[in-house]
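Naming follows writing order (A, B, C, D and E), and every chain is counted from residue 1.
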Amino acid sequence: MARQIGDVIVDLQNISLRFGGVKALTDISFNVKEHEIRSIIGPNGAGKSSMLNVINGVYHPQEGQIFFKGALRKKMEPHEAAEQGIARTFQNIALFKGMTVLDNIMTGRNLKMKCNFLQHALYWGAAQKEEIAHRIKVEEVIEFLEIQDIRKTPVGRLPYGLQKRVELARALAAEPHILLLDEPMAGMNVEEKQDMCRFILDVNDHYGTTIVLIEHDMGVVMDISDRVVVLDYGKKIGDGEPDEVKNNPDVIKAYLGTTH
Amino acid sequence: MLYREAGQFKATYAEDSQIFPIRQDKIGFWVLMLVFGVAVPLLTNEYWLKAILIPVLIFSLAAIGLNILTGYAGQLSLGSAAFMAVGAFAAYNFILRIEGMPFLVALVLAGLTAAAVGILFGLPSLRIKGFYLAVATLAAQFFIVWALVKFPWFSNNSSSGVVTAQDVTILGYTFATPEAKYVLTFLIVSFMALLAKNMVRSSTGRAWMAVRDMDVAAQVIGFRLMRTKLLAFAVSSFYCGVAGALYAYTYIGTVEPEGFNLDLSFKILFMIIIGGVGSIMGSFLGAAFIVLLPIFLDNVVPVIFGDSLGAGFVSNFQLIVFGGLIIFFLIVEPHGLARLWQIAKEKLRLWPFPH
Amino acid sequence: NEEQFIGLPSYRVGPYAAGGSGLFGGWIDYMQLVNERDGGVNGVKLTWEECETEYNNARGVECYERMKKKGSTGNSVFQPVSTGITYSVLEKVAQDKIPMVTIGYGRTDAADGRVFPWVFPMITTYWSQASAIVNFMGQKEGGMDKLKGKKIGLLYHDSAYGKESHAIMDKLAAKHGFEVIKIAVAHPGNEQQSQWLQIRQAKPDYVVLWGWGVMNPTAIKAAAKTGFPREKLIGVWWSGAEEDTIPAGTAAKGFIAAGFNVAGANYPVVADIKKHVYGKNKGNMEDKTRVGSVYYNRGVVHGIITVEAIRKAQEKYGKGKALTGEQMRWGFENLNLDDARLKALGATGFMPALKITCADHEGPGKVKFQQWDGSQWKVITDWVDSDRPLVRGMIEESAAAYAKEKGIKPRDCSKES
Amino acid sequence: MSYLSINNIEVIYDHVILVLKGVSLQVPQGKIVALLGANGAGKSTTLKSISNLLRAERGDVTKGSVEFKGERIDQRTPAELVKKGVIQVMEGRHCFGHLSIEENLLTGAYTRSQSRAELKDSLDKVYNYFPRLKTRRTSQAGYTSGGEQQMCAIGRALMAKPEMILLDEPSMGLAPQIVEEIFEIVKDLNSKENVSFLLAEQNTMVALRYADFGYILENGRVVMEGDAADLRTNEDVKEFYLGLSSEGRKSFREVKHYRRRKRWLS
Amino acid sequence: MQFFIEVLVGGLLSGVMYALVALGFVLIYKASGVFNFAQGAMVFFAALTFVGFQEVLPGWLGLEADSSVVFWLAFLLAFIAMIVLGIATERIVLRPLVNQPHITLFMATIGLTYVVEGLAQMTWGANVRGLDLGIVDEPIAWLMDNYEIGVSKFDLFAAGVAASLVALLALLFQYTKVGRALRAVADDHQAALSIGIPLQTIWRVVWAVAGFVALVAGMIWGARNGVQFALTFTALKALPVLILGGFTSVPGAIVGGLIIGASEKLAEVYVGPFVGGGIEGWFPYMLALAFLLVRPEGLFGEKHIDRV
């Protein structure tokens, strides 16, 4: 395996996030290293999604600092995060319902497109050239995720699982540096999960994309992550390699239970 | 069996991303262009040109404008008529006040003026959403019309507030006959419709739709909300502005601010709803439908009921039918005529098999 | 068996339907009367067709175009009953050679027939009316010189229509030395609290109500609420119908309004309609009690003028023949409804005597004043004149400017026959 | 006569998209039936055609019939069905975002005329099942986490005291512990209160452990049915739904990326 | 100063009149997420039906036109007509459009506007009618004499009516099972269906109540300006009130009404003269707009939930 885990790329220090009286995150520190697959697990309402939202600027924590590639990151808006190469998928699918699969994925490439709206209006020439160039990239992603046959379907009509896959495609189309995945395999059967794992591993492998993954399927998490952080009620209760975490008594108590 | 795409393979992405990827559609389109661009002005009479076709074209343009804002970018607006007014009065003043102003340049400037005003009233959209925004756009509707009435400068101090559009002259040729005006309108509208289609099928359009469908996600993907929304307001107002100028110059000839009232805004909204929200072709279908329906009812209802009923009854009955049909269409197909047409095509494609 | 076609762009739905149904009812009833009682005009039956405009310019244009070619000779006269539509077809009528008659609305300076050969803003215009109202106030005060130093409030509909009053009132104020306080009411005008507080504060001697639609009853009610005497509230003719007073209830008692026609069902012409039209169950009004109302009678005036122009034109172009628009135009331009003719029509006092010439497309420029007594309109004056020289001067000035802008060479009326 | 039976139904969305192509299945009284199948097989559609929520998505049952206790119910409104005891928990949560968690739960009891005390009882029961909801009871549902919303949706349905529950992917987005708990609740209700279940579930492993009977749906058709125990030992089911190949469970890291063929398709 | 107070009080009282119309909007919006554009037309329809019955009833029953039996019977019949209208709307318009995007429903109500307007005038004719509630619209003499402040009895009466309606409806929404169900429906039609909330019944009830509110508003406005088509324009006065108060808040309607009414009048009197007057048409909208910039959901509106 060619993959080499690199330096810390995102470093979160003492993050606290509150919504009114609800403490979503309390004093959490952890980091993500370049090229690794970093999982976040924890019971429902533990603050996992909030964590992702903090990383890509949807939420702004009241306390704590975020270092990105070693530099302190000021208050950052989501689109700025995107410009820095952070892409993500959402727990509640956030596809653009009125658009086709192809268009949805094409939106993933918007930051790489340089033509302005006047060029788009005139189309023939620069805009068309650009459109086709990016279309080729998008087709690669489509092929990679094996969704060729639904290209022209409006996403609203797709079953849940495929929508998740399209969302992944949209994120991948951005050729992100860091990919944040919020329960990408919820609502899939084992076969589909296996496919999804394959995709994630391949992305990580071929493009060296750093991946932050939230997932409730412990099989998946333990099999594919390099390191796992465990949250409970907004607090960090465990952090380390899968095996370490699996045997951490706090984690077992709070999350894994004895049935596993 | 006529409408089969089987056997038509697309070898390149350029081919695949054409406006009409299917050959039958392309042929149909060019036939239509020929019919409406050449045959219609040669064959139809003045009534059809002046009273139906020209307004349909102009309203289509306004509907495209509104469709860009509401259908594509998802910002519900009830003020499109006001932007038409801005366009109409801007064109009038540019031509009036600048010696030798070419008509087409004035048209563009009128659109740009409307776009500037549109941006101004679009600013609140960054914070305000949905029906709140819709009601807020009424502020534009009422304020603009008020300002045009209130400051006589806009209407060159005409005592009645009405302005008479100057002659339309391009390169020394004056478009005076209905045929000439129709052809001019047709060309401008077709060209602008093409531009609009290009915008919505490329990255600009995708940005609008992304913001419409889910603005938080759009932001996460890297779209800038402010820029995207304001661009939608600007482009939309530009289209409405040009439509307003055409309304003054190639259709009615004289305009007063009050002509661009809330009713007209609603009418344009109807056009996009009936035609199809988020569809350029739907804008045309909707405009045609809304212009033709009352005329059709006007001709048909009295024939059905004869003189037996009072005139007031007939007029009110028409109103009821008009409203009823709008509801009916929404129920049958909330996505409008454009979608109905698409479904028809899908059925045709499968024909003679039901599914 | 010739027929004369008249297209009626009417409005029977929407906010102005109440006035519309009265006006078009009276108009149609009068034409029906001519058909029923006289067998048409010299044997030419009148035919007509309504076209709903909803008071909307675009639909008005469509109606105009639709009706243009109807009937054997095309539409012979167009009367939009909407200033907006008037403007929209102003240039078209000249091209299509169809006379346009606008009674009590439309483009004021079109009264200059040299510049606007095809347009006839008959009987009186807004400017004449404003002037007549001021004259009426002078009468009430006991002489025009008594107006000096007086304050006159002008409560106007904030639209092009309402603002037509400004220039003329300013001129009159300068001439007679009174002060005009202009107060705008935003459309639709169903709330006038602040305007009337302002009026109460300014304490004007009179208030001219230049209103339209719901603004009128609201103003009358608000006047009562602020204690402004209704006898000092003078409405224009679009503010002076039953539709404006009835909703105001008792508050309207004493309110005075101008009119180029009067209310009342006891004029012979109206009585004839009742007999010949309603007697045969061919009346147009659904509510027969409205026969004789202000709007209804206004419609009858429209009918009289149309029919008389046909009669006049037939004198020249052949009795018993259907007329083209061009021929009708001549009829209008040579119309002369003197007192004798009005008497014959059974319309003495119903409308002013009227003489149109090549240069003057307006005619008398007179109005009567009526007062609401709580249940009906009572005429309280004879025909009150306007300041003809002043108004005519303004009209000619404005028309000349238009002619210049449009490159129109005014007709030389001395050469017309 | 079966308790709930679907006979050969065909469903079309939007007048053109044919999704179910003749699906028949039975739920006997007091049993738990699992409906399995890949994404897009038509599980949710099947459930919605029972609860009559299809029409709200412009879908239509064009053929076949649905019977509950021997009575045709395809023309009944969803509200009538809930009154009769058939309730669906929709996929994708669908909580009322602006209502608090507790208000959400209370709306669930809309069809029942309960006394205040009874209502409180039911509420306590739900809170007992999902303690997490209790701590978040005053928060607007729209601001709670995905899992909390899922619990809220399930709890809300329980408030209606149904006798037949259509559960659409109840385990989605829930932590493993909670998933187990949910199925325990299902078992509990089933055995103690004789509630019948039809559940569409991707978590086949758990579903088949708790269900009595299973149907496998593929492309809008039932391709396999049988006792849960039998299905669990079927080779295909094992490989595709349970992730167990002949050598036992394979690591997700090891799974090779190739298209496999399901035997029943050949 | 006394003039200022008078303007202010007058404005507040007009504001209440606006709130009366706004209430109908709030009701339906809150209960179904439908922005019912037809509310103005319903006000017109209700008032016209009321005076229409007032006109014909004496003839049918052989009673005096001003007897209170006629009044209450006409009121009852008009209310029944509004209930019928509500039921018909549910059956014909809303039921087939369940779960459609809000804009579609909004459009449908614009269509409904035309139908209701046409129906009203087709049934009762286009005549303008007066309406007398027996309360004179004149300043209270005592205030006028002692402080020279004109406050109309009628306005006070209207304010009283509005206040009681608001109180009643606020209670309904906040504390009853139906109220909760209504709010649930507004959030998610399909989910509401799935837990057995009978949308059809709910909508019928709500539309009937909104019809009742429209009837009351129509009678009060009609007594003021006459019963005529222009009653539909009251909707335009209510919209800024609505956004300022928040679409979903019953108390918001009244507070919004007060704010809009007062500031509109003050602006017209004190600012209007500098720009030529007539600013009442747009001023409330601009004010509301400015307000929204600070609070995008209006004063008491429910926050738009935007989460990923």
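By definition in this document, a contact is a pair of C-beta atoms (placed from the backbone, for glycine too) under 8 Å apart; a residue touches a chain by one contact, two chains touch by 3 or more.
Here the structure is a predicted model, which means the values were calculated and not measured.
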Where the contacts of chain A and chain D overlap, which chains show up?
B, E
What is the touch distance from chain A to chain E, in steps?
1
By mean C-alpha position, what chain is farthest away from chain B?
D
Identity of the chain that, by mean CA position, is farthest from chain E:
A
Take the average of all CA coordinates in chain B, do the same for chain C, and state the distance between these two points in whole angstrom.
36
Chain D and chain E, separation of their C-alpha mean positions in angstrom
43
Chain B to chain D: how many Å between their CA centres?
46
Using the average of all C-alpha atoms in each chain as its centre, how far is it in Å between chain B and chain E?
32
Two or more other chains are touched by the chain B residues 146, 150, 216-217, 220, 312-313, 316, 318-319
Chain A: positions in contact with at least two other chains
58, 90-92, 94
So which stretches of chain C touch two or more other chains?
12-13, 17, 21, 158, 186-187, 286
Please list, in label order, each pair of chains that touches.
A-B, A-D, A-E, B-C, B-D, B-E, C-E, D-E
Over in the complex, which chain A residues touch chain E? Could you list them?
53, 58, 90-92, 94
Chain B partner, complex, touching residues on chain E are 29, 35, 92-93, 96-97, 100-104, 106-108, 110-119, 121-122, 125-126, 236, 239-240, 242-243, 247, 275-276, 278-279, 281-282, 285-286, 288-289, 292-293, 296-298, 301, 304, 306-308
Within their complex, chain E touches chain D through residues 98-99, 177, 180-181, 183-184, 186-201, 248, 302, 305, 307
Which residues, counting only chain B, touch chain E once they are in their complex?
70, 76, 124, 127-132, 134-136, 138-139, 142-143, 146, 150, 215-217, 220, 262, 266, 269-270, 273, 277, 312-313, 316-320, 322-327, 330-331, 334
Interface with chain D, chain B side, in the complex: residues 343, 346-347, 355
